[in-house]
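Note that the chains take the letters A, B, C, D and E in the order they are written out, and that residue 1 is the start of every chain.
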Amino acid sequence: MGALDLKSVTKSFGTTEVIKGVNLEVAEGEFCVFVGPSGCGKSTLLRIIAGLEDASGGDILLDGKRVNDVAPAKRELAMVFQSYALYPHLTVRDNMGLALKQAGVAKAEILKATDKAAGMLSLERLLDRRPAELSGGQRQRVAIGRAIVRTPKLFLFDEPLSNLDAALRVATRIEIARLHRDLGATMIYVTHDQVEAMTLADKIVVLRDGRVEQVGSPMRLYNDPDNTFVAGFIGSPQMNFLKSAALGQMGETTGIRPEHLNIRHGGPISGTISHVEKLGGETLVYVRTEPHGLLTVRLFGEHDYGVDSTVQLDIEPSRAFHFDADGKRLR
Amino acid sequence: MGALDLKSVTKSFGTTEVIKGVNLEVAEGEFCVFVGPSGCGKSTLLRIIAGLEDASGGDILLDGKRVNDVAPAKRELAMVFQSYALYPHLTVRDNMGLALKQAGVAKAEILKATDKAAGMLSLERLLDRRPAELSGGQRQRVAIGRAIVRTPKLFLFDEPLSNLDAALRVATRIEIARLHRDLGATMIYVTHDQVEAMTLADKIVVLRDGRVEQVGSPMRLYNDPDNTFVAGFIGSPQMNFLKSAALGQMGETTGIRPEHLNIRHGGPISGTISHVEKLGGETLVYVRTEPHGLLTVRLFGEHDYGVDSTVQLDIEPSRAFHFDADGKRLR
Amino acid sequence: QTTLTIESWRNDDLLIWQDTIIPAFNAQHPDINVVFSPSAPAEYNAVLNSKLSAGSAGDLITCRPFDASLELFNQGHLADLTDLAGMANFSDVAKSAWQTDDGSATFCVPMASVIHGFIYNADAFAELGIEVPTTEAEFYAALDKIKADGTYIPMAMGTNDQWEAATMGYNNIGPTYWKGEEGRKALIAGEQKLTDPQWVAPFEQLAKWKDYLGDGFEAQTYPDSQNLFTLGRAAVYPAGSWEISGFNTQADFKMGAFAPPVAAAGDTCYISDHTDIAIGMNAKSPNAEAAKVFLDWVGSPEFATLYANALPGFFSLNSTPVEMQDPLAQEFVSWRGKCEPTIRSTYQILSRGTPNLENETWNASANVIRGSETPADAAKRLQDGLASWYDPQK
Amino acid sequence: MASKKPVRWHIAVFLAPAVLVYTAIMIIPLFGTLNLSLFNKGPDGVGFVGLGNFATLFGDPRWSASFWNALGNNAWFFLIHMLVQNPIGIALAAILSTPRLRMAAFYRTAIFVPTILSFVIVGFVWKLILSPIWGIAPGLLDIVGLKTLFAPWLGREEYALTTLALISVWQFVGIPMMLIYAALLSIPDEILEAAEMDGITGSSQFWKIKLPLILPSIGIISILTFVGNFNAFDLIYVAQGALAGPDFSTDILGTFLYRTFFGFQLQLGDPYMGSAIAGAMFGIILLGVCVYLFGIQTRLRRYQF
Amino acid sequence: MAKSRSSTGRTFAAHAILITWTVIALFPVFVTVINSFKSRRAIFADPLALPWPEHFDLVGYTTVLKQGDFFGYFQNSMIVTVVSLFFVLLFGAMAAFALSEYRFKGNTLLGLYLALGIMIPIRLGTVAILQIMVAGGLVNTLTALILVYTAQGLPLAVFILSEFMKTVSDDLKNAGRIDGLSEYAIFFTLVLPLVRPAMATVAVFTMIPIWNDLWFPLILAPAEEVKTITLGSQIFIGQFVTNWNAVLAALSLAILPVLVLYLIFSRQLIRGITAGAVK
């Protein structure tokens, strides 16, 4: 239970096609993360899978069964909405417990399940409040709690952690990973957070403008992107794209990740430092170069570089990616 | 114009005190970031500054003038709401232009201003849509656009980038920084993102449960936290807290950031690897130790460590922080 | 050029006034413009009272008989017309409905009275071989015969609207039992009571009618009754003479009329020849002169002829006899010669207090016909109600 | 919430037009009239009688019998509306608000049409339909084999009021329907979608999600029904006349008041007793409204979406 | 919304219920309309017979059109209804906004005060109102009717609208305040558009009694030039004889304009007007 298969799924709102033929297989128990720029259709795809939106074309198969016309309630999945969509008239506890109550689960069990979810999400003290009395992050946690108490076979999470602070985010992320392991549930998860995507995913789906650009394991996408889009999208800070010609490299564009660009006296690329960002554990140095434009160098630890000083950069050739004029990877 | 001064500000909802006496000075033109766990009162404080909530006690001074009783509209500030609060019946353009129109700005100028903001936020193609037809990230961008077209002296941002993808987030972050520089405007910014906080802030305010824990520049907080809470909150992944006694260090607890914990054969702390997270540019190794519990080691680049293998860890003593039993820093 | 506005409840007469009466008046008085402005009859009293109180009422006011108009006069809304020249054309009886109790002042020019009786479907009577009844026995025999035949509903009357039962039932046949004016005056004087046999008798008659009414008469409305009769489904219709013009246009069979039957052949018959409509002047009218000119003309035989012929069934109260064309109307008016006329028993003085005797009579008549109250109970209730406020009856 | 200290003129500006027009054209005339309830005609003209009229209304057995009869009938009239009109209205609105329902606009309009009709038509057509004479209702009942159930309902004391109340329900069901429909529309789609995901669909979605969210609107329609019913007049008046037959079995406060205040037929209008009745009605309705405003409304949570 | 979310069974049931009630709702209307095309005789001979072909009779309509200036009456009714409606909605919404948005002393009491008007039949104030109009020289003007109907419609409008205004998100109004919108601008540009469904509802409720009212036209403006359609139709209701063809024809015609107004307003009942406003 829980395997998902999308076959040439399309979706239009009026005349604008938002999902442009998506094919995707998610195996049972897999953790699949959707990433992509804002507005590329992640939420829409999630809603189509949930049955909240009709696909304009194509088939949605759950466990091999076509479910295009099956009601959301019958698909046995749980969803965390990007907008939370909490029941405003119910307390936190009732928000989380309603689905179970509807399913006829015994009171004591509902209590146990909601208590457990509340504990997991540090919501214990808020159980009797209503959504209007919660902070943004608290609401988001309630929305997550509502999904997980039901322990269905397929979870859909739409940016579930975006409003949480770092500590809570790590904690919740780990909880979700554990849930995934324990339940063997299939999960589809939308996020903009690189760390979440890299750490949680069995499989990352990179979407762009309603199309799947590449599907693969996190490290696969990181180390072997198919095109400039995926290369640029996976990894933060973004990959630097340099002009191959000026470097004497093959292809049109050479991609090199900020962590593989070093500041080395006498390096082949020279430029001036335009900006330095100190993040504590690492330092980002932005170097303006000709003809490559602004390049990002990521350094481990704290470093002091003076803005406007001239530096030379060096690339690790083994870590460079080459792309043709269309952005396609040359291997 | 734009300096803010909070004096013993308190706020209660019914009987629960949510803001418990906050004192804070923000100088004119300063970029001040509020961080803190979910539900600690960041949004509430922002709303008090905006005049949307009445403070239960204390004074709010803008440019030295007490504004407790001044209407929000008169405070000349712009705000991005955590819930976006877009005008559902207006198009994206009108959402952004309404304030200017209200201020009697000429049509042509409004058009210019909205076009500029739209360009900045990649909203050009969406100008004629209504909020209901936008994705979550697009809505958030409209909310930001609405604030920035007005270029007032004080900006309040409540997690403005939480729903944006990495690339857009970086781009918008840079725009906000530029805006800050160009306008010389004072900005108060709530975020959960370490990178945003560290890169944008002149001053970070760490809140906890309605109280200010520490105020200071990003590197100050990173390198010189006052207590375990701040130490743990700033920096991601979180600082490791070890038992001082077992290490022969002073105080009760010794804090060491993951990037300052090294895997070194023969190191003083030994443990087994429980989990490895590869993020591409860096690798996080989770090591279970006695008596310190799970410690995080952050390594630059990609590394292969076998789960369950035994490793020894070494701390950089100069980077260690010492805290007493109450969590207060020992210097 | 002055304009006079007439307040009236006679929506029905709008065309007659516009096409016949006003042009006739204008032929003599081209300088007086007259506007006939009726309102719906049910609201007339309330509307008129409000307008008079606020001072926006028209110059000429159509008068209901007795207390409704008397009250207006007492409040100073109606002008005293005692000295109007045209008043000389009316008998005291005609004027009595629009006079103060002592008869010292008259405030409306009488226009018409209506007579009660029964209209019947002459074709049906002929078909069933029924003679026009004159006595109670003949009356019920006729009804029985119609009922037995089954083609026609014997009598068209319903109790839904209540006033049908009281006006076309009780006040139609009642005078025969309480002997017209004699009983009515005795009641006012307190010499008879409503519980006396002559006052209970009409209710007893009504109670018998139940069997001759159509199915579901309880929910039958007044227009239903009219339609039942004019569509030829009912044979006898307890009527007021005002029905004549309507029935003439609607029924496509021959009609006849008979007066309320008497107990035994040769008894004196009594009819209700009720003073019903008059016209007075708004005391605050700015056009009093013109209004008086008009009222004078209303008192003239010319008006009487016009009106009575335009509205067969509304019989002139003018002392000058009026020549009428309509045979049915002629039949009705002929009873004036044969029978003793009286007016409706409840109208003068007796409906001044609470409970209102007229309204109670509606209710009682309907109840008695429906069988939900016995004649004796109904009479007792009316008597108690009357006695509760009317001193001579205490 | 805006701050409190400066004078907030805008509040006055927002309120002024309504308060002025309303006070001048409604409150002053109405209370001028209600004031009459403290006066009455005595032997020496109109004089102040204090609560004397009310003493008569409740003390004099004739007046009080009529009053209690009217009040009782009115209560029954109201009860039928609450039990029939409002549930039907809510149910229809709930069905109509089903997303993607075809012809919804047609149904909505059709159901609302009776509300548009003037009482004259309503009275005429229902009397025509229910008339035992012209055969529509008996005929229709005959078709379904229930002819024996037919009775001249409007003419029977035991049925007339209920029949009229049901006619009124027929006519006005569009009003709760519209209000509830508008309230249902303001529930955000996402919340309903979340419910769908939770397996709360169909009627349980109505009971568990929609109903709690529209409770304030149900409160409103209840109080509007209450106020409307206790002020009702026209339907009874056009169907049964001011005497509200048969035998006053359909007499409600509105008709009782009309007869007394404006008079009817030979009965002269009595503004003094009429005002006393109006005062009593006003008291009853005010009591109901206060119970609603202070007792119920504050307890019905409103949710901002 | 997805078709996967609508089951055929439930859709069928929904249609069945709606059709049933539609039939119940429309049957009497149908009876009215068919009979307006028949002669009196035909109406009562067989009220359910279709007016086609042998019963067809336009006598009702010809009578109506012959008698009085019916188009003028229509126009008067339209003016009175629309103008009153405008003021009721404007003033009512303004007052409702003040009551629901601001806390001030006497807020609840003022709300109650404004609701008093729905508790007493306004007819009782007739004489005083008429006196006001006489004093103001407004008798037989449409202005008099507009004033009365505005006053009469306000209580209900305030009552209903203030309830709906409370559901408009505070964040949204606050966003407006921060944007420098005055309270007036917040009301007119933000709140009013968002309570459109409620405004439409109130408009419909207010319009019907105004359109169908007989009393005040009769008292305040009975003159021919200012007669409303309802009053105009009354001419056919006589003391003893009612011209049912004409009444039915006139009132059937009178349904049309209100129906049009209703359709216009009910288009404002749009699903999801606040969608996408807040997270």
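Here, a contact is a pair of C-beta atoms (placed from the backbone, for glycine too) under 8 Å apart; a residue touches a chain by one contact, two chains touch by 3 or more.
By chain, UniProt protein names: A, B = ABC transporter ATP-binding protein; D = Sugar ABC transporter permease; E = Carbohydrate ABC transporter permease.
These figures come from a predicted structure and were not determined experimentally.
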Contact-graph separation of chain A and chain C, given in steps at minimum: 2
Of C-D and D-E, pair with higher C-beta contact tally: D-E
Most distant chain from chain A, judged by the mean position of its C-alpha atoms: C
Cα-centroid distance, chain A relative to chain B, in whole angstrom: 20
Separation of mean Cα positions, chain E and chain B [Å, integer]: 54
Averaged-CA centre spacing for the pair chain D and chain B, given as whole angstrom: 56
Two or more partner chains touched - positions in chain D: 1-2, 134, 188, 190, 196, 201, 303-305
Residues of chain B touching at least two other chains: 51-52, 71-72, 82-83, 133-134, 136
Overlap residues in chain E, where contacts from two or more other chains coincide: 1, 3, 5, 44, 126-127, 169, 177, 182, 214, 237, 244, 272-275, 277-279
Chain C partner contacts - residues on chain E that touch it in the complex: 40-41, 44-45, 67, 126-127, 130-131, 133-134, 139, 214-215, 218-219, 222, 234-242, 244
Interfacial residue positions of chain A with respect to chain B in the complex: 13, 35-39, 41-44, 82-83, 126, 133-138, 140-141, 158-159, 162-170, 192-195, 198-199, 218-219, 222-223, 232-238, 257-259, 277-282, 284, 298, 300-302
In the complex, chain C residues that touch chain E: 9-12, 14, 37-41, 43, 47, 50-51, 53-56, 222-223, 226-227, 231, 240, 242-243, 246, 250
Chain D to chain A touching residues, read off their complex: 188, 190-191, 193-201, 204, 208-209, 212-213, 301, 303-305
In the complex, chain A residues that touch chain D: 50-52, 71-73, 77-79, 81, 83, 85-90, 98-99, 102-103, 132, 146, 150
